[in-house]
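Here the chain labels run A, B, C and D in written order, and each chain numbers its own residues starting at 1.
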Amino acid sequence: MEKYSAIRQSAYACNMQLPHLGLVLFTFGNASVADHAEGVFAIKPSGVAYADLTPEKMVVVDFDGSVVAGDLRPSSDTKTHAVLYKHWPAIGGIVHTHSTYATAWAQSQRDIPIYGTTHADHLTADIPCAPPMADGQIAGNYEYETGFQIINHFEQQQLDYREVEMILVGNHAPFTWGATGEKAVYNSAVLEYVAKMAALTEQINPRAPRLKDSLIKKHYERKHGPDSYYGQS
Amino acid sequence: MEKYSAIRQSAYACNMQLPHLGLVLFTFGNASVADHAEGVFAIKPSGVAYADLTPEKMVVVDFDGSVVAGDLRPSSDTKTHAVLYKHWPAIGGIVHTHSTYATAWAQSQRDIPIYGTTHADHLTADIPCAPPMADGQIAGNYEYETGFQIINHFEQQQLDYREVEMILVGNHAPFTWGATGEKAVYNSAVLEYVAKMAALTEQINPRAPRLKDSLIKKHYERKHGPDSYYGQS
Amino acid sequence: MEKYSAIRQSAYACNMQLPHLGLVLFTFGNASVADHAEGVFAIKPSGVAYADLTPEKMVVVDFDGSVVAGDLRPSSDTKTHAVLYKHWPAIGGIVHTHSTYATAWAQSQRDIPIYGTTHADHLTADIPCAPPMADGQIAGNYEYETGFQIINHFEQQQLDYREVEMILVGNHAPFTWGATGEKAVYNSAVLEYVAKMAALTEQINPRAPRLKDSLIKKHYERKHGPDSYYGQS
Amino acid sequence: MEKYSAIRQSAYACNMQLPHLGLVLFTFGNASVADHAEGVFAIKPSGVAYADLTPEKMVVVDFDGSVVAGDLRPSSDTKTHAVLYKHWPAIGGIVHTHSTYATAWAQSQRDIPIYGTTHADHLTADIPCAPPMADGQIAGNYEYETGFQIINHFEQQQLDYREVEMILVGNHAPFTWGATGEKAVYNSAVLEYVAKMAALTEQINPRAPRLKDSLIKKHYERKHGPDSYYGQS
């Protein structure tokens, strides 16, 4: 059994979910799955069509972004993944897409307001949009700096990455994560769904109010609180 | 033959229609079917993927929301279903989804105006949107209170649940019902279709008038009146 | 060989195209095909799901709307079809749907402006929207009057039904027609496509100008003029 | 082996991608592939349904628009393709569609602003919209003049056709091209995707700013610069 076969298999399965869920056109996205004990993650190779992927083609990279195993060049967004895994030890998977509605919000440079319980079932805050980076960051180690832009924005906004598992990078596109690759993929689809409904909500009622605090709290605790009663666990 | 196999089979079939009709992402919805003679209904288990459902996994619950048969925990919305079945004896099925356009209207906290005959073929009123609940209701027995919020709104608005078989719960999402589970599923798809066309209508003409009374009456009677001439019955 | 088998087969094929082209939900639409020599047309039975249709189930009706052959009740819109066939001898097929964007324009009570060559390839006028009928017409023989509402609107607007093969009935939905049933189905899909692009055009540029006359003329003649050079005929 | 079989096979494959990618309704589009050494290109026959195409039905035409081989009449847009191949020697494939969002922008007579990195990954300029042609051009050799309208607009805007591989023709629809037919098809899908996200961006934030220059430069060089690090080449 090859040493990295578990994360390669998992990263492959996560990547293949992205076109299936309608979240990517061509190669506009990538998923990765980490093994924190080994300090590595498996990620999609750069520019390879989803139809041509296999588990073996997943590239294994360490948390500084250096390739550890694999014949192909990893996703051009690899360093962003590496920074997040290095600083946020509780996440096991990351997904980056250019899904239509979430990307439109990122291009609009707006947080997605929490308008309903679909949103509150997953997080209690507006979905944050980090501002575009400073020119110096962009000209430098761009993807590396993208990772820090995300982490810094969470610190400034006093958000906890274990509670808010998604962000829009201004002018760019969304990143989502989770305890597993599967959860990161799930969050990516939820984000796109919530982003579409929020845009429609503002079209139907430009003065729609945010969800009130008591409902935010109730729906989130229903799924995530100590007395949660959603699901079978 | 297991005692509840008929309602379990029917609830299973209704739940499986929801992803087929494009009304749910992941597990964002549930359908139930009642047996009023036995005082019970069968409902989707909580958080189980549609692909993993079987008729046997449907949970049988009484009209107070207590589990009567089944190994799994029932949908977290079970008490809302129970309240509606208990108070509205003519309904045999209930569907709850977070379908995109209907939910956007719920988040907008607006009734859906009756703009055309597609709407009038199914009901003669605007599709009602119940206001979000008071904080006390939310903090208490939330899903139970959601059922009463629906029933109270119908009473206040002098609507008849046998004529208006759908509602939006403000900031949350739609519920639909009908004499059978199949009719509740049908109403769920009709609501989403009407909700989409109403949003487009307002985009194309922000001053679009409501349908005039004579057309409302005509289309509804064509399908539902004593001299109805739609369908084969 | 049954006397009406040709039009029944053709009407069946046309009806089955409607869900395939995404133009109908459930039974929200119907297609018919006429035999002018016999003075009859075959039309979808009322309220029967598309999946349950067969050529034999098509109902044969004369141009006054009386059933000539068939065991089922014909579409509730049958008299509208009958009026059009009786007064417009050059049409061999009619389609009625509640397709999303075309119906939203009908609900908006607006003609669809001619914004581009996609529209001009098919007709040189704005797509007309007939006003809702007077209350007397509605209370009377409604579907019969719907046919006259269409014919009268064409006369008032000095439109030729052989050049403009589609109309929106205000607050209701579209009707299309053509020399054959196949052409009527084609026009129904073209209308929905043009209706969607016109709504998007106004969203992107609320002051978008109508197509200029020279382009309208050129594109239409390319396909329909005496020196047409589109297609293989 | 037939002399033109390579470009016919390639043009066939490119045309068949268009309905698969959701870019065409019925026959609203065409793709061609050129052989510059022979001074010819293979293009879709006019008005033939995609389902009925075969490689052998592709029509071979020279760069003045005269048919060289093939039994069918070529696409009515053939002279536009011919003009582009004659004047832009580096392009090997051209695609024309009436895809929904790109065409809506063309009807709006607006350039598509560069709002995000999805756009910048492919070109550094706004996607240009050429104005509608003068009446004299339209009445004359229309499709021939369409080609010159495109070329002249690029000259006036000082755009390089090897860097900007797409254009909207005002009131009409998009054309895309590339070194190969496959690249032209790819660009056609990218354009539609970017056009949709730009329309949504303006809906969500009517004051959304264009992407800043440093990000435009970075994303484009990531894929296209001398030190590009996207993909496997």
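Keep in mind that, in the parts below, a contact is a pair of C-beta atoms (placed from the backbone, for glycine too) under 8 Å apart; a residue touches a chain by one contact, two chains touch by 3 or more.
All values derive from a computational prediction rather than experimental measurement.
S.K.: When chain C meets its copy chain D, do both sides use mostly the same residue numbers (more than half shared) or mostly different ones?
M.R.: Shared-number fraction below one half, so different.
S.K.: How many angstrom lie between the centres of chain B and chain D, each centre taken as the mean Cα position?
M.R.: 46
S.K.: So what's the Cα centroid distance for chain B and chain C, whole Å?
M.R.: 33
S.K.: Going by the contact rule already set, what residues in chain C reach two or more other chains?
M.R.: 203
S.K.: If you connect every pair of chains that touch, what shape comes out? Choose line, ring, star, complete or other.
M.R.: Drawn as a graph, the chains make one closed cycle, so a ring.
S.K.: Let me make sure I understand the interfaces: which chain pairs count as touching?
M.R.: Contact pairs between chains: A-B, A-D, B-C, C-D.
S.K.: Can you name the residues of chain C that touch chain B in the complex?
M.R.: Contact set of chain C toward chain B: 25-26, 28, 45-48, 72-73, 76, 98, 100-101, 103-110, 132-133, 135, 138-139, 142, 171-173, 199, 202-203.
S.K.: For the complex, which residues does chain A have touching chain B?
M.R.: So the residues of chain A in touch with chain B come to 115-118, 186, 189-190, 193, 196-198, 200-201, 203-205, 208-209, 211-212, 214-215, 218, 222, 229-232.
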